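First chain A sits with chain B, and in the next complex the same chain sits with chain C.
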Partner chain A sequence: MANEPVELRSSIGRRTSWLFWTSMSGLGGLYLALIVLLVVVDFQYASLSDIRTSLADERVIFSICLSLITCTLAAIFSIWVAVPTGYVLARLGRDAIERHLGQKPGLNRLARFLRQSVDTILDIPIVLPPLVVGISLLVLFQTSVGRSMDQATQSFFSWIGFPGIRGITYEIPAIVLAQFTVAAAFAIRTMRNTFEQIDDRPELVALTLGARRFRVFHRVALPQAWPGAVAAFTLAWARSLGEFGPILIFAGTARMKTEVLSTTVYLNFQFGNLRGAVVASLILISVAVIVLIATRLLLLGGPTGGRR
Partner chain B sequence: MTLRRSPSAARTGQVPFALVGMLSIIVMILLILMALRLRPDAQRASADDTNLRVYCASGIAKPVQELIDDFNERMGARVEIVRTGGSGELAGQVATEFESGVERGADLVVLADDLLLEKGRDGESIAEIFPAAIQRPVIAVAADSQLEIDSLADLVNRPGLNYGLTSNRAAIGKLAREVAGRDGLLEPLEANRKTDAENVMTLAQALVTGNLDAAILWDTTVNQLNQANQQPVLKIAALVDPQDEFSGEVGLGVVSTTRHPTLAIQFARYATAPETGNPTFRQFGFTAQPGDQWEEVPEIHLYLGSMFTPVLEQQVREFARRQGINVYPRWEGCGKLVASINSITDPDLFPDAFLACDFRFLEQVQDRFESPVTISSNEIVMAVQRSQAEGIESPQDLLASDLRIGICEPEQSALGWLTRQLLSSPPYAGLYEQLEARSAVTVDVGPTLVSQLLAGGLDAALVYRSNVMADPQSMQQIEIISLAPSTHSRAVQPWAISKGTKNRQLMQRLLEMIVRSDTINRFEQAGFQVETPEKD
Partner chain C sequence: MIRIDDVAIRQGDFQMDQVNLTLPDECYAILMGPTGCGKTTLVEAICGLRPVSRGSIHLGNTDVTRHAPFDRNVGYVPQDSVLFPTMRVDQQIEFALVVRKMPRNERRQRVAELAELLGIGNILQRFPQGLSGGERQRVALARALAFRPRLLCLDEPLAALDATTKSQITDLLKRVHRQEKVNVLHITHSPTEAVELGTIVFQMVDRRIVQTTL
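On to the complex of A and B.
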């Protein structure tokens, strides 16, 4: 008898727990079902022989290879930029401003305004319509600075034995730059969040013990941010793979030249080859899934490695 | 004191980050080399020097791609489609590239809307236009559909019908709305449509996948999709405009900033020639518009009155260079040119076009030329040595003094003929015989008289204003004295294309060059009055 209320509570608890988890995962489940359905109907639309035929097509092979290469390059560039930028933004945040300039209201307000401005500017590529990024890049490379960079790039490629790459615009470097412009913004945001969540006291302690800033960053902050860096890399990579608008405008859609998987989908669709477009989409999805899983396994050492 | 590490730090702390950084740089270098190795053309210095970049409207991309493949194989050229999309979208990009000064943008653009090309030419982003084919708007349904739609009115007024048309930015959408506007159906067309796709191919795919019951497409899009699939996927239910008043004109536009104008024009000629381009367009269901006969390097013969030499000689040379053609111009007095036209027996030597000094000369051979276009007019003036000019106000004054006078021969030149007419009718009636009797010299063309004035051999001459103004330095020595206005005091210059020419479009482009603003400026600087070109 004495146990009855406990059992009742336990039974009610189990029921409400079941209800809780079902209702909470219901909406997510719907979204999951939508994604699975999208992939399933794509597979239904295209037969295996279609996929085999596509994979034997040198143009598809070219676009797969170029996609993998440019996405990886864009992701590496993004990480190189995102890690220091994210660290600076995290460590020079509101707390740091309060700590250092708390007694000087004018400077405090100015520093906070500057911090907000930098944050907003770095988020621009995320909120801009992709086509605008493409047009802006195109216009940028028509300025004297842009033309000089174009010229320098052409000279560099010519010097290393590839004179056919005539600068940046409408060439492979344009793809990487278009992907990097957007992907880096996502990577920076991820790295900023990562560093913000890492307690800075160990770094301060290391500083008080006489360690230099670079050493503290390298030996204390960076090891703790490793899973975040992997997340930022995969996010940048995935974002680059799906990039289309800026590539369309800034790099063009020349077959076997600046053709990545997203442009293969577009070109097939535009040429009335819906089946080809669906097959290219499936290849895109498959490549993305394989690479994302492989990245997580390799860099984090196992399926749970990324959990923090 | 030792630092406490978080569990993840404990694990990852062993990662040598300097090594990771170095590795990432090595990986980047390797990836860049791999990307470059993917492109065989990257190692060739001339890869892009001869590349012609084409932007092509998606609905026309198939025949254009086939033509490009043929052309590249035949000519060893490197033409390639680098961008497809809706006509409006591509025209917009070309305009953006033109305005922002993009160096390696499009060289050639193929659009399904001739008005967009015209707009591009007005905005100076497009230099030459080549009409290629006609396509008609149709109401399309799925190949296995049981729907029977017999007209545009039926489509827009049938309740519950899922139909789509493209936005106004695509040529087909604009044209469908024009037809609907004419038939008073615009309001229901807009109100009942289910989608507003950006380009015709997107709309067609929506119909193929069953998202729509019907759609307004080009007849050629239906053909193209049926050819792209193993079995027909669409069929035409009805024509949008059975009266055939509205149709879409596919055209190629050479971008004004292209670095390869000659190659672009050569490909455009190939794509529109009856022997090469037309069959390919027909194969894809288009009604081809015949351009000029295909010749790798066309040869044209031009007859031009000598008065045009200072204005057009250089322009014609530049035109020939840009178009990649051989031009054989004859700059002579129009009497001689007419005599030559009448005596030519070899059709290959017959002039493809004639720019006459006056209508009178063209009229003598009009049966062999198409309707003329007025280009300019030129005023007859008295050109007098400045030292002798005092007191001379009219042709009578030339007789009153002891001046050495020069005139042109009336049978050999328009100037001579007009001079005779002018001085034989009021207010100068009866003066011609006296002046002819007093003239020290009678020549074929006006420039000769000006040369003699400059050399001091003549004191006065009756010439065209342009003869004197052709050389700005001659104005320092010669004074121009205007004559009283009369129907014969002005020569009007017509342009006419030969009826038998194989290069009608080429001649049309030459005319476009002649009436272009920079050439008009040259005409005006040379003393011509430029007429607004119109068919007479």
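On to the complex of A and C.
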């Protein structure tokens, strides 16, 4: 009797397991229900004929097209900045500083301070209220540097055959810049996390095989970061689509000029057209869901995330 | 000849001073020592992956102390192989040759030659994720040998292998050393490996290196 193993009562084990998964999924399930509920009540509030009427309105079509174009441009610019920046932040972390400057305590401390400062500065657009980003952009383009950039942009667009775009402020480029300013911070954070999770030893081995840094990045690090880059792109795109405050301040809400879907919702609401605002919101949600699913399927080759 | 003269390496609290080591040509050198004594750090310094604060590292007549890792011509097989996760086996082996802009047919010839030597002809089209420990070590060896390095550094290449695979890879290392005529610096804890493979054996004692016999 004393030497017999103590058996676990299987019915208790099963019950505990069931309890574990139910309690763990409970809170997530409540949040999921909240999201579904929000979409369902929106659909109940606005009828299908309202949506059809809205989609026949050229102003709504314009804001959908402008949203798609500006979000895509902002996401492309964001990923273009986020991939190298995320790589630098991930690879020049504490370990690398220690490895290269470990023998020089003064430089080591300075490098660590600089690294932390850069991290903090890059997080500013994430923590700032969106309106502040818009106001800061507006103020920037009141300075002599900003005005020169405005003029250079106007010349550039005239040169490529779009004389209608007269600079950045209160024009379409302002929408892209406002979206990019916030979206890039999220994309950088995603790419930094991605590269931090990728083992850097294959890159060190590639260096010993004769590859220079650019080739190591391009052939060894970047292919591993592909799923993270897709995540960063979709996150940047989604953030840009939902961006409203900086666009309102920096690009304005001129109908058929700088009106994107988020500002359409605001304008309808502002003029007391709650049904119109809900319809625009539903279009916004539908566009976001379609584009995000399509992006994931196209870029990762499947719903499970391709190589992952 | 490979010569390490009075090298000092510092990293945080870890410190190695006055490290001296001379490897004659075509030797198979074994470097033994307890865990944490700095064997891997020294190999990384030889490969150029870790800066040295004093002393010099000579490969032949060339002082490579300040050379970047890509300019040293040192092959490196780290612990647990560290293969490139997104490349097929053949792409891993020819990586160093593509970097050196070797013509395609010569590259293929070299890959085939190494595949035959290391017995990996049947896995050339596979990705590393599904390979066994022994296969991964063979691929890592082929990858490091492809560009005919002046020195091949092996960081505990047999540590994570079962007895049968260990014996196969040991035979393979002997054959590779004989056929490729490459200088080898092999790090290990195991006196058995030292006896079976080493033509010269060093021991790290109190962060200094002394030649020893087993």
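A few notes on this one:
The rule is simple: the second predicted complex is superposed on the first by the 296 of 308 C-alpha atoms of A that agree within 3 Å, B and C clash if a C-alpha of one lies under 4 Å from a C-alpha of the other, contacts with A are read in each partner's own complex, and residues count from 1 in each chain.
In this text, contacts are C-beta pairs under 8 Å (C-beta built on N, C-alpha and C of every residue); 3 or more make two chains touch, one makes a residue touch a chain.
Quick caveat, the model's predicted, so the values are computed rather than measured.
Within the superposed three-chain model, A:Ile293 lies out of touch with both chain B and chain C [touch as defined at top].
One of chain B and chain C touches more residues of chain A, and that partner is B.
In the superposition on chain A, A:Gln224 contacts both chain B and chain C. Contacts of A:Ala206 after superposition on the shared chain: both chain B and chain C are touched.
After overlaying the two complexes on the shared chain, residue contacts for A:Val41 are found with neither chain B nor chain C. When the two structures are aligned on the shared chain, A:Leu32 is found in touch with neither chain B nor chain C. In the overlay built on the shared chain, the residue A:Arg215 is in contact with chain C alone; chain B does not reach it.
When the two complexes are superposed on chain A, the residues of chain A that touch both chain B and chain C are 202, 205-206, 209, 219-220, 223-224.
The residues of chain C lying in touch with chain A in their complex are 10-12, 47-51, 53, 68-70, 72-76, 78, 82-87, 95-96, 99-100, 143-144, 146-147.
Listing the residues of chain A that touch chain C in their complex gives 98-100, 102-103, 199, 201-202, 204-212, 215, 219-220, 223-224, 307. Interface of chain A with chain B (complex): residues 62, 65-66, 69-70, 72-73, 76-77, 79-80, 135, 138-139, 141-142, 147, 150, 157-158, 161-167, 169-170, 172, 202, 205-206, 209, 218-220, 222-224, 226-227, 248-249, 252-258, 266-267, 269-275, 301, 308. Chain B contributes residues 1, 3-6, 8-9, 11-13, 15, 17-18, 24, 27-28, 31-32, 34-36, 38-39, 41-45, 47-48, 53, 58, 61-62, 65, 80-85, 93, 96-97, 100-105, 199, 201-202, 204-205, 208-209, 221, 224-225, 228-229 to its touches with chain A in the complex.
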